[in-house]
């Protein structure tokens, strides 16, 4: 296994050349384009890692799967999915038009920005600070990492450049999807995207889902049903508008972020965290996707 | 003439029954559904009025034609139309999707909300208060009415319920259409919509355009070119997504507002102000449109 | 006048360099890119012409205004506009999506392809040949030119490459907008687009509308109401998705075709035919538009 | 197992009351709304069935997964997916607008009508008859049922009422997605939709996919890779615009048809065929979906 991942990391680094590091926030732009790292943690307790697996980066959209879990815990599945759908869209993650043209006016799913902002608005707490603190505490439990925190430079950048997300927030408010305060929801959302992680953090969250919501100490933090919901939405909607193609090529529930991270879950087997900040045109780590595809083929990971 | 308009007002009042008074702000809802009034002022100095011509109401979207004039004066035609287009859309006035799907990302024209918010952002001034004060002063000159002011109850309602307009504002900011502060632009926009007028005010603004931008004292406030731009955009885009049909049926540049007002310009002949708060499904005064259609037929007003 | 148009033709020829001749049918591609000609015919019986005013070209979309007249004569205004709207769209002429997203499923107006195909389906006749013959006869009367005929090379090209129009036809059939045979409607449409004209033909049709539907011999072929409908739709929708901008810049009802023709009507004054096959990105004659804009400014033609 | 399915069929029949039998073709309308049947065939050679499992019905959209297999065999994966995408859309199966607004102009995936018509155009053969014969022969091999044939009454109905599909065909032709003859592609498509099956046929095709493309005699008709592609597309796009929700609730690759059929694959375990002609608003068998959901829960079928 160690040999395999060492070999695959080396093989896939060159793909980074064809992509671009996200630069809508200056701070993101500082990433080393050619970085590529992986961390694998298995149900039987083994860990493997290779390449730049220790590099810190912001979790970005991968946070959407964790906030979804807490929102369901806080509000119940029925309420959450009365406000946000479960359908993939085929549109870019920051599309507004689907909100307007859809019959239901609901964001299509919790993995696109509009859905994730609506989900952020459902986290309970007495104010924005309290809501985020609860979410961060939940993140720490799920990833079994007490040191998690926000990268405040990135957070400020998100918050300043986030006018399109702000537009979505107010649209959702006008349609009654967001019931509380829009700026609070956005603040939680911008902060959750700015949580700093490593590939290990992602692999641990993946393992938590691979165990259907149990921590390593055996605590059932979320019901298996919630874990299944999250894993299914990752397959259908987790990789932006390449989700369908990556489901075919990789075949395991995965979620990517523009920080360069990819989190994959192999149900009953392992959690995988990958980092490679050079992105393809859809916003997925370009070397990361290729590494994951090779790994899936070699280890026969596809659930299909 | 007086007989004609008395007769036509009476004839068209019953159409109000088929419409609805705008109620997205409680204050608007207080209007008397069956009101109908008209004020006509001609280039040769005659005035005619009938029905509820003295009733006060908020100008709403009709303000868009006045803010457009000032924005062009402040910034020049070239700049203004680099940010907002001149094309009708066929979509409802508050549509967001066209912003996203259009190649240019520009609002299609200054008569839809997105365009008008962009226009409001171009009014010069050191802060929101100063910008609006300049716009209000310009309104007073154009309408030759020094008493114009904001209905603050309506303004507060607009501002509170305006989340969809706020969404558009932030979208325009994210696309670089709005260069300044979004909340300032929205504040100017909500205030301009809340200016209280009567049919006489509208007729006077219409007369100003019928004279190609001259006041009754002969002052040329705007160039004839700007007057032509405004009148043309009124024909193609002034009556929400009924503009095309109303151009056929009435044939004179007109602009309506959800407060129940309609302002029409008969180039070289007269300005017309109409008030009827019961609206059709597109947002136009239902009795007002019918009154205007009759009047156009009787007086042969169509420019075609 | 003669001096003016000679000067303006010369001045505007160079704009042709910036455009492109339509080439979706090989036959169209044979046009001389730098051609520019104009023909003006006035209500008081004078004719002026300059440049390549004698060149033959296919009428293409300009035919839509003539088929609309006959469809209204054949079916009445009410029926026609129950199937096709009167609203401009802001979308390209061959857009399908608006058909699907519109609430009414009606083509927005008779000037876009979908609307024109629906209009073609309403021409009465016992078969496609008879329908087109009736339309051609009507064309001859309106233009007072007995020699009009189809360019069959162009017609065959239209018919062969017309899959997008065919797609629209079947969509309209599936929505119940077209009640008869789709292929017949398409055949009439492809033929009407392939009628060969000169600038004189266009000027004569323009004059017919400037006289509100009367021929030079005084025969009232269509009601003034129908003439007004056509002229109004020309202003709001006649110049593809530049209609709004050209209404501002030129200010007279106009219709263009990808063959390079432009037909303009100055109500009560004159008909204008222009030919310049080099097109801008929207499909309008690039030199022709500029020539028309100059002419409108010099002769003060705008109706606003 | 037998007890379980008997119980679940009985339990879920009442859901049929809330749905509607497809009626766009009169022949379809003859189905008994309250029918519900199921057939399960396992990898270890056992068969179970209950309810109206012997009723014949047309396969409709479920045929899309079989034609996809043959199209890949005939043309290779690379060619097929250069013409049709792999992304879910969130739009109804017969949407046209996505074709136009998508950057690639490719149908989003082979499970929506536009994609399936494009796929039908790729089946090799010297004419429409030959192409369909090859497809039918392939169907027989995959389902190990030599008696399969077209219901010609349904086929004629499809062909007559298929104007929206015809519109899509010509649109795809105009965009170069369909390279051959449109009417031939449509003829193949209408015929494949009209193949008559029972729940046993569907279960057998499901088993074929559960065995990754092997028949019961051990013949590898398609590569495992093709089987994985098909199963993945079934999860992400197989159940119209409820695919995402049904992936969550059921968790196994499934494909439905408006004839009332559902085909499910439990990788490595079994194939399932369900019949229930009463459809929900998205076009899925309403009792069938509920039966499948219960079965998945009871037998723990979800792959997530």
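Which chain is which? They are A, B, C and D, in the order written, and residues in each are numbered from 1.
Note that a contact is a pair of C-beta atoms (placed from the backbone, for glycine too) under 8 Å apart; a residue touches a chain by one contact, two chains touch by 3 or more.
Values in this document were obtained by computation on a predicted structure and should not be read as measured data.
Visitor: Which neighbours do chain A and chain B have in common?
Guide: Expected: no chain.
Visitor: Chain C and chain D are the same sequence; what rotation (0 to 180°, nearest 5) superposes their CA atoms?
Guide: To map chain C onto chain D, rotate by about 180 degrees.
Visitor: Can we say the copies chain A and chain D touch using the same residue numbers, with more than half in common, or are the two sides different?
Guide: Mostly the same residues form this interface, as more than half of the numbers used are common to both chains.
Visitor: Quick check for the class: compute each chain's Cα centroid; which one is farthest from the centroid of chain A?
Guide: C
Visitor: Starting from the mean Cα coordinates of chain C and chain D, work out the distance between those two points in Å.
Guide: The answer is 46 Å.
Visitor: Hey, how far is the Cα centre of chain B from the one of chain C, in Å?
Guide: The computed centroid separation for chain B versus chain C comes out at 32 Å.
Visitor: Can you give the whole-Å distance between the Cα centres of chain B and chain D?
Guide: Once rounded, the distance between the two centres reads 54 Å.
Visitor: Can you list the chain B residues in contact with two or more other chains?
Guide: 101
Visitor: Which of the chains are touching one another, listed as pairs?
Guide: By the stated definition, chains touch in these pairs: A-B, A-D, B-C, C-D.
Visitor: Which stretch or stretches of chain B touch chain A in the complex?
Guide: Interface residues on the chain B side: 95-97, 99-101, 163-164, 166-171, 173-174, 182.
Visitor: Would you mind writing out the residues of chain D in touch with chain A in their complex?
Guide: 85-91, 98, 102, 108-109, 228-229, 231-233, 235-237, 241-245, 247-248, 251, 253, 267, 302-304
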